[in-house]
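Below are structures written as structure tokens.
Next come two complexes built around chain A: one with chain B, the other with chain C.
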Partner chain A sequence: MPLLASLDTEGGTQLLQALGIFALAGFLMAFAVLLFGKFLRPRLPHPEKNRAYECGEEAVGTGWVQFDLRFYVVALVFLVFDVEIALFYPWAVVFGGGGAPGASSEVLKEIRWAALWDMLFFFGVIVVGFLYLWRFGYLDWVRAFSGRQQGSELGAQDSVIERQTKLEAAGTASE
Partner chain B sequence: MTGEAIAFYLLAAVVTAFALGCVLASNIVRMALCLLGTLGGVALLYFLMAANFLGAIQLIVYAGGTLIVIVFGVMLTSRAYGTKLRVRPLEMIGAAVVTLALLAGLTAILVRTAGPVVSPSTPDFGVAQIGTELLSTYLVPFEVISVLLLAVMIGAAYLVQPEKK
Partner chain C sequence: MQDPVVFRVERILRSPWLIFGAGAVLAGALALALWLLFPLYKGLLADPFWFPILVMAIMLNLILSSTAICILAERKIAGFTQDRFGPNRVGFWGLLQPLADGLKFLLKEDIIPTQVDKPLFLLAPAMALIISLSGFAVIPWAGEVRWPWAPDTLVSTQVASLDIGVLYVLAVASLGVYGVVLAGYASNNKYAFYGGVRAAAQMISYELPLGLGLLCLLLTSGSLRLEEVVRQQAQSGMWYVFLHPLPFLLILVSSFAEANRVPFDLAEAEQELVGGFHTEYSSMKFALFFLAEYAHMITGSAVLVALFCGGWAPLPFSSWLADSTAWWALLIKLGAYLAKVAVCIGLFMLVRWTIPRFRFDQLMRIAWLSLVPVGIALVAGTATLTVLGLQRTWWACLGLNLVALLGMLWTAARSGRTVTGRQDDLPDIHVEPA
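Coming up: the complex of A and B.
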């Protein structure tokens, strides 16, 4: 690959040139389509056309609302595994033998076992956190409303059902 | 001026402009967007230095992950939208002190290590070397990272816990 070969000698200029050409071409492509459409399409402005389109429904209120707090856990878990993937990559190269080119198969085997144990420990610690979130329902989508005062979601649900049956029983008794 | 120098000054200008926008904007969503521009521009600077792995990490973790958390943090805070963020004079002084200290430190490092500009000394210093160092010399920090990530997850669980009555 000529691009990667020239990288070593010229810093990242070649790569940056390629990125620049890519970005420029991408911009021009989108821009050209929009420009082309501007010349071709009829121009019939109408206030209705400037309104937000939401599946044909009338838009209510503002889009700037507070999101559910449950998204935050998902975002943070995503970040954790994002970092993890970033660290996995160099590990995978070493595991594939890229760290010791030309090594004998015995040495390679040793490297692989060492790398495997290193990664298993690393991954194990993260998985503990993930299992914690999973086990105690932080990843459940319907948990937040039932609350944790009852100790568990099941307990909260039970109490609701119990209350309902009690209400029903009271209703039948009064009839 | 070489192509590399032109690319550097161009990118540096873009990064600086976005950083200024991030600081000067009063709308928190615009701040986050400017931060995206800054982080992406820094990633391109890494690419320019042929530090491809670092650039990719910068894009994946900072421009991708951290920014998402920030934007989510904004969306999750109910009153973050309407309020204009204003800086009080005392905060301005504190920020100035911190920034000037950072600038002085960076300048000191730059002056101390100033010399002939060298291209990456070992051209083949890539992901494989990073991985080897990570699994040999820096094994303990590498494993400590996992504990740090564990702490992040526990912290996330703590944050969304309903308030105890």
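Coming up: the complex of A and C.
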């Protein structure tokens, strides 16, 4: 087994080996059951069966519809935060593990506070961004859809239904 | 009314003697085969290269069969919670139900609708399964062991001992979203599409509390290797859940969300989205999604146990067996690990049948407006404790957690605004006149 033995090293190759073996096992599992079932299961295609499922109705248009803009905002905010958290990992390991091997404890004590302040500052910048998002409602999934407008007859205290009725009344009046 | 033949077969299958007798015969045959074939695999047991592969083969089998048992357990726990019997028709106490389910999945027609993106439609379930299985590579099942017939080699019961174990787990957990999103996209069905998009938003939102909770742990352990984290806990007897209960909760809640289970199963929500991302899937492909979900749950529990509940350490507050490498210690450790994972899975299931599903705005609010701020505060606090050298002192850590908890409660009590997500309770936005 010379080829396999050459793979048996520490670090990166072991990661690839683990991933490769597990991916292969998973793939074979999925493939085997699908293939095995193919010989057993009935196959009776029918145009009605093969249609997109939309509660028995004829499907309207394609399924790839436009989705809500709020999902984009979540994805963008996530991207920033996740990159930040990924940056924290090496710091956390070195910081929590007591520093680089061979470093003397005096040096460590000196740089420990510096490392903490540096990282808290970096963290702070992101937290300011987070507070901005929070304050201006980018993290709210449900947002108010009507606001107080000057000169508008819509009262802020009205309930939604009242606002709706007023809006509709205004609409019919203008027609 | 009933067909007498069917009735008779059912009654024979329901007798406990058949099930337990067959189980005993199978176990005996397996033990005999293992004993007879021992010379064949003796070399593999002590080989540091082949042993991990053997561990992988055994564990893959164990996990795939335990997913089947999980489904029965889930239905039994559902029955218990809702004061009914649960499955009890197939076999004694419903024990043959997983077999019947598997058979049914195999024999049902596999419908591939005409409108789907076929390559992606086929890829999605396989992807979900592969990704949820890959997480098992770094789980340190039972520490290291020295076999009696090869006293000079120490083999590790871990498939891959990675330097970046925790990061690998995080990466695989993030990849989990691909199976669901691909299924939602490829189905070309509106329900499936909404399910996929929801799943993406949910899973990426809950990644952040997961990452922040893990950071608190890393600041304490100083190592990304899972076996090292477990060894620290086993030797000190101080499991990290006693030091960091709030980060543990953060990760627990996030793993509920990552596994797409109730109360976080917005991606499949039967009442609103029919079946969500798996609306168009039938037969074995549908089963693969289920398998992936349960495998994901088992991985999540195993990682949680390794990081916070001492992994294979059998007893808390004691270093019993921490340095033992005997083969009998291996069995005790493995038993302890699997028992802890089973308790964790039981918790997952009880939560599923106890808590109703969240609404989507509640889901997002929990992630962004409560879990993430608490996580940020905990990371900053743990970093400060680390500088002071107190990161493993129990009163300092528990004090930090208490302060964070009180801060949460105070903030929640202070804000007078009702949080419901109804338009009536929202603050007015100020719109400048045009």
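Structural remarks
Assume the second predicted complex is superposed on the first by the 107 of 175 C-alpha atoms of A that agree within 3 Å, B and C clash if a C-alpha of one lies under 4 Å from a C-alpha of the other, contacts with A are read in each partner's own complex, and residues count from 1 in each chain.
Here, a contact is a pair of C-beta atoms (placed from the backbone, for glycine too) under 8 Å apart; a residue touches a chain by one contact, two chains touch by 3 or more.
Note that the coordinates shown come from a computational prediction; the quantities given were computed from them, not determined experimentally.
Once chain A of one complex is fitted onto chain A of the other, the partner contacts of A:F67 extend to both chain B and chain C. After overlaying the two complexes on the shared chain, residue contacts for A:A32 are found with neither chain B nor chain C.
Shared-chain residue A:V83: touches chain B; no touch with chain C.
In the overlay built on the shared chain, the residue A:Q17 is in contact with chain B and with chain C. In the superposition on chain A, contact is made by A:R43 with chain C only, not with chain B. In the overlay built on the shared chain, the residue A:V93 is in contact with chain B and with chain C.
When both complexes are overlaid on chain A, the residue A:F130 reaches chain B and chain C alike. In the superposed model, A:A114 makes contact with chain B only, not with chain C.
In the superposed pair of complexes, A:C55 makes contact with chain C only, with no contact to chain B. Touched residues of chain A were counted for both chain B and chain C, and C has more of them.
Chain A residues 8, 11, 15, 17, 19, 64-65, 67-68, 71, 75, 77-78, 82, 85-86, 89, 92-94, 98, 123, 130, 144, 147-149 lie at the interface with chain B in one structure and with chain C in the other. In the complex of the two chains, the chain A residues touching chain C come out as 1, 4-5, 8, 11, 14-15, 17-19, 21-23, 25-27, 29-31, 33-34, 36-38, 40-45, 49-55, 59, 62-65, 67-68, 71, 74-75, 77-78, 81-82, 85-86, 88-89, 92-98, 112-113, 116, 119-120, 123, 127, 130, 134, 137, 139-145, 147-151, 156, 159-160.
Residue ranges of chain A in contact with chain B, taken from their complex: 7-13, 15-17, 19-20, 64-73, 75-80, 82-87, 89-94, 98-101, 114-115, 118, 121-126, 128-130, 132-133, 136, 138, 144, 147-149. Contact residues on chain C toward chain A in their complex (touch as defined above): 48-49, 53, 56, 60, 64, 105-115, 125-126, 129-131, 133-134, 136-138, 159-164, 166-168, 185, 187-194, 197, 200-201, 204-205, 207-208, 211-212, 215, 218-224, 274, 279-280, 283-285, 287-288, 360-361, 364-365, 368-369, 372-373, 376, 379-380, 383-384, 386-387, 391, 421-424, 426-431, 433. Of all residues in chain B, only 2-4, 7, 44, 46-53, 56-57, 60-61, 64-66, 68-69, 72-73, 75-78, 81-82, 119-120, 123-124, 127-132, 134-135, 139, 142-143, 145-147, 149-150, 152-157, 159-162, 165 touch chain A in the complex they form.
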